[in-house]
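Two complexes follow with subunit A in common, the first pairing it with subunit B and the second with subunit C.
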Partner chain A sequence: MSSLELPSSAYPSPTAWGKHLSRRQVVQGGLALGASAVVLGACGSDSEDGSLNPGSASGTLTIGSNASDPDPQAGLVAVKDTFPNKDVEISINTLDHNTYQENINNILQAGEDDVLAWFAGFRNKFFAEQGLLGDISDVWEQSSGLGEGFKAASTASDGKQYFMPTNYYTWAVNYSKKLFAEKGYNEPQNIGELLDLADNMATDGITPFAFANDGQWPIMGTFDILNMRVNGYDFHIDLMGGNESWTDERVRTVFSTWESLLPYHQTGANGRTWQEGAAALETGEAGMYLLGTFAASASDALAADMDFFNFPEIDASIGASALDAPIDGFQMIANPSNASAAKELLLHMSTPAAQDAYLTKDPSVVASNSNANTGTYNDLQKKSAALAGAATGISQFLDRDTIPDFAGECGNMFAEFIEDPSKTDSLLADLEEKKVAIFADYS
Partner chain B sequence: MTTKRWPRIAAHVFLILLGLLWMVPMVGMVFSSFRPYAETSIDGFFSWPDTLTWDNFTNAWDRGNMGRHFLVTAVIVVPAVIITLFFASMVAFAVSRFSWKFNIALLMLFTAGNLLPPQAIIQPLFQIYLRIPMPEIPLISESGELRGSLIGLVLINVAFQSGFCTFVLANYMKTLPKELNEAAMVDGASVWRQYWQIVMPLTRPALAALATLEFAWIYNDYFWAVALIQQGDDLPITSSLRNLGGEFFIDDNLVAAGSLIVVLPTLVIYLLLRRHFIGGLALGANKG
Partner chain C sequence: MSTKAPTTDPNLSALAEHNDDTPTPATPRGRGGRRYSLLTSSDRSTITAMTAIPAALHIALVWIPALGTFLLSFTNWNGVRWSSLKWVGLRNYKQLFTVFEKDLYESLLNNLWVMLALFFVGTPLGMFIAYILDKNLRGSAVYQSVFYAPVVLSLAVVGFIWKSVMYSPGQGVLNSVLGRTGSGNQIDWLGNPDRVIAVGGEYGLGKNFLALVVAMIWIHVGYVMVLYLAGLKSVDPTLREAAAIDGANEWQVFRKVVLPSMKPVNIVVLVITVITSLRVFDIIDVLNNPIGTDVLSILVTDNILGESGNVGRGSAYGVVLLLVCFVFAVVYLRNAFSEDDA
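Then we have the complex of A and B:
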């Protein structure tokens, strides 16, 4: 990314996220649909027609939020405060991020919250197809400034929208500007230059890559990017969707590539938190760190000194235009207590006004609406937006792109792989078996 | 005599070392709770401190909304412990004082209940709770259903803790001389009076020990709470600690400070009932 100027449409191209979803394996939810209909019927008390007619709604509305960090929490309050319809009394019900994620099933069935914070793509479709979410296609019809890519990431297999994306962030190779300036390092354009850079760092006594895997999710980002660089975006999405085999030669190549890069990484990653990895970057002990832009939240000093570059191309025929950029947003439960107010709020959340208000409190992410005010973006936000805007394929991160149980198995496998890469073949064979079993359970 | 002293010295050295080893994480936690994250993340946890501050404690209290969550916890734990001990002592009294052909079966039922993993029943329980309407009472039951109400949490805690308490109390009551009851009966005391005025006062050590244990267990519960309560404000104090960590970033020093605040009530209860705790458990364990 040579220019920091934001393209006029700072969202991924239509093809990117569209393909992402159309190629998805659909998780069938016939039985679950029947069961949940009974449950939701029991607690539904909807006396409104639930249509969207901005400004006409009244009554109370609850937003279920996973924003337990102070910044996103303040951001959501700002979104609520900018909601123009003052006849609707909105309350925010916050649970901590992990508890919320682990209990989403119960939260959806409890029906206490009308509008719920959640993730775009697979994780949203999953519940939409179980009949637990409300159709918000009419909200999409009235919204503007959201690209086709975002629409595709919010659309279930029935062609209706069940999600309102509000913001996203990107995964890339983070580094310290100060260190790069001091040592005269440059952002690499291809894998050869990356390896040269890593060798130079090693010569200078710096560990090229900080590497942390406590919780077994951070290095999923490394797998994602290597798979997308070696085999391309489509293969990655097919692999996540259970349609390709983990014993395939192409997957094996990803792990050989990864193995050849491991000596450039910090050892003992499985016991290191991502924050300790960020501290290594901050102190200059490590030179680069493949992580989401949230790495900057580890400390103010790092935030001021951090920059990043897109992971360079490995295969010229594949290129380097695919990346992980998880999208966050909101969905509506199937039978909300106040559907018209819920839809009105979701429409508000899609607007530049609401997203600007959010970003003033939480500048670690980028707005989904292309008309949002980019003038206030910091350098990292500008770069993130440009990176995602230029991407031809955007994935949501491994643990959002596949069945959660299977993502957990991948996490175990990657952790074992970095401990002992000589076991790769048997680990991959095991993982393939688990994939078959888990995907069979969900179809 | 010198030959017998060495093993004792060795044992003491071993115990002192083990004690110190046990202290390391505790002392480390207290130490780091007074230090800012920016300092320990760069210098490491075993570095000499530049700054010592109470900030982590005040931040943990505010960010964890601990005032509210302590109140919720009190509303759950106090009735749950009292009701559990009350019911369990009645069952224990019946099975230990009266000979009835289902005595053993009843005691086994209660004991077997302990072995049931809570995870196995959580989904059916959630669905049952979802279908039981409740009057809306501020703080105690705001959702209009048993799900989401603190009464629901008290009930499930009572149900799950009664088994263990019945087991311990029954064993303890069996050690009390039968003649006491016989004498009371001769004097014309009713069954209730035998239970309440003869057996219960004598069971006090066991009750105190169980009260300490049950307080700690129910106080530390997080599983039932997050499964059955979806309103963030109605979760017990254990949720405050989770709230101190965000989506990605966790300030370990803040969590250490929060944990110290949260552990205080359990420590106070333990120190208050310490003598009963040890004495009571030992008494209950070796029935004659």
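Then we have the complex of A and C:
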């Protein structure tokens, strides 16, 4: 009945049609291979006992991927091509990024894909605790070059690993090198210097911070960093885990700090996309932009001119060594059709060879393996790696560190807060009430 | 199903002439020849099939899911395994009215704004455009296509048009035309939830929701226009002429002659207007559901879909939506049947 069910793009352009076909073929190919893998698995040769013995696996394997953008998609193909065991036939089943995320529950249970692209931390543990993921502790035993921080982010409450991190990026204060050189600005070392810098920018007619919140996730990064600077990493993780109250005085302090910084930000952030925020940084309309380093991907000009600094310390006793650095990687379903091949692939994904191959196609992220080739890194990658390497606490970003439902409520609350900070207390009381209800649902 | 369609059946073609007491020669039924059925056995099986198959589909695809939603609204379930389903009684409903009450009331109110806007603005505007275009203007087909285009466009395109072309704060058409693209000077069309109309202390019609409603009207107008264009074609021109000769002016002809003679179309449009406003979802979703723009269907999908589905709470929202729909369905059916009786 709706107008929207009428045949819409009846005559797509040739390029659109081509893309559509290829994606569909990828999916169908994946389904067919998945089905044949089930048959093979059912035949049950001795080597297919699900143990990890590199080089011994054979048969077919399907990777479920949300890498629908061109660079990550090419990167995954490169990883597949460098897989040394040619007896395993790997197919990649790519879905649109958002579709994939919304349907992950079904994808995990459908059993068509053995190895699935996903995120480290809470969102991986959540499914591990539902019994939907396979234990890959044996893969971790044979891997090397992955730091303790990555292991912690891949470990569920039972102490086993359910995730293989492959790359990450950092959140920091991005700026234009050209603008800083022109105006003689310097990277601030503490909150006082940051405020001075912001005042100078305002005097120069520049909006100190670009600010965008379309989709209600970008400014979660601002909350994360302020909470970690004001209250520290441990409090932040406890708060995300539902173990601290949002009406706590410490949380209130974060919002007071944020409120005092709001006048330095662009107004009308809720309707602005992060790309539009990046455009303000590129044109010099805004001087700084707290966002993931992916901000550089908004335009080639910005990528060439962008640099960043770690958000400076607010409280000297807390320091500035915690930050958001979301880790991407892969997990294995609970009952893969070809467990030995799946584990072999995950082990391969942890190696410098696979990660180097990926980064040649997608240079916006940093390899998780410390032995990966950093020689090809651009300046942003080098700085990201140094920043995360020196960090004492790495969080995954608010919507990866807590129950997704609750992250949505936080996003709403932050959006309302920046519209009218005078409502903070009632907004926080409301959020705490929702937190109790939502966490009770998942306990 | 039998292909012996009623038209080829002598009994049925004779149906009109028969009174109840007239015996049917072809298929006498019943003992003593006192009562006769008008239907052959193949008629019966045809009728049975023609009612049973749609009824079975209707029950399977509408009522069983509806009943399932109702039952699931009393559970706490993440949608993963049946074993994790917990019965929690009325807890979800209690929480809807105590913990999530702001979301619920805001959504109900937003659904109401959409209904009012479509009824008082969108539908009359569509009707007006149809009335003008029915006068065989030059290039009428072009205008029709233009106004109908929003209905046909893919949602991805609709989202792009409103988000990036029209409402974008830095680069959008509206702010450019108004000269409001400068830093600190921009109008945040989709992000600003300040009230245009305040209801109580906390609720009302947000500016950004009004911006979304404009986009909804934009689509609705084209749809209504097409329906009325078809309706206007069926109005007997002699009625208009007669009214004009009697001295009625244009408005009077429309109000007293054209509109009443389009009654079937009016009912269809009314039903579509109500349904559209209750199930509105897509346009809000493609514009990224800014703050303060939740409607019931958004709350349902936000809770049930998504990676950590909360099926119980989402179903409770669904039941609320179902009850609201029931109110309108009952009002509509009562009107429809009371007119049939009259």
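Methods note: the second predicted complex is superposed on the first by the 396 of 443 C-alpha atoms of A that agree within 3 Å, B and C clash if a C-alpha of one lies under 4 Å from a C-alpha of the other, contacts with A are read in each partner's own complex, and residues count from 1 in each chain.
One rule holds for everything that comes next: contacts are C-beta pairs under 8 Å (C-beta built on N, C-alpha and C of every residue); 3 or more make two chains touch, one makes a residue touch a chain.
Please read all numbers here as calculations on a predicted model, not as lab measurements.
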Partner chain(s) touched by A:Gln216 [first = subunit B, second = subunit C, both, neither]: second
First (subunit B), second (subunit C), both or neither touched by A:Gly192: neither
Residue contacts with subunit A in the superposition, subunit B compared against subunit C: C
Which superposed partner A:Gly271 touches (first subunit B, second subunit C, both, neither): second
Partner chain(s) touched by A:Pro84 [first = subunit B, second = subunit C, both, neither]: neither
First, second, both or neither for A:Ser68, with subunit B first and subunit C second: first
Partner chain(s) touched by A:Ala286 [first = subunit B, second = subunit C, both, neither]: second
Which superposed partner A:Gly59 touches (first subunit B, second subunit C, both, neither): neither
Contacts of A:Pro263 with subunit B and subunit C, given as first, second, both or neither: neither
Partner chain in contact with A:Leu132 - subunit B first, subunit C second, else both or neither: second
Doubly contacted residues of subunit A, that is, touched by subunit B and again by subunit C: 102, 109, 273, 276, 279
Subunit B partner contacts - residues on subunit A that touch it in the complex: 39, 42-43, 64, 66, 68-70, 72, 93-99, 102-103, 106-107, 109-110, 112-113, 273-276, 279, 282-283, 292, 294, 297-301
Footprint of subunit C on subunit A - complex, ascending: 1-4, 6-9, 101-102, 104-105, 109, 123, 126, 130-132, 207, 213-216, 266-273, 276, 279-280, 285-286, 403-405, 408, 412, 415-416, 419, 430, 433-434, 436-438, 441-442
Sites on subunit C touched by subunit A in the complex: 76, 78-81, 84, 95, 99-100, 102, 150-155, 157, 163, 167-171, 183-184, 186-194, 208, 219-220, 222-223, 272, 275-276, 279, 282, 288, 290-292, 302-303, 305-310, 312-313
Residues of subunit B touching subunit A in the complex: 37-38, 41-42, 63, 126-127, 130-131, 143, 145, 147-148, 226-227, 230-233, 235, 239, 242-243, 245-250
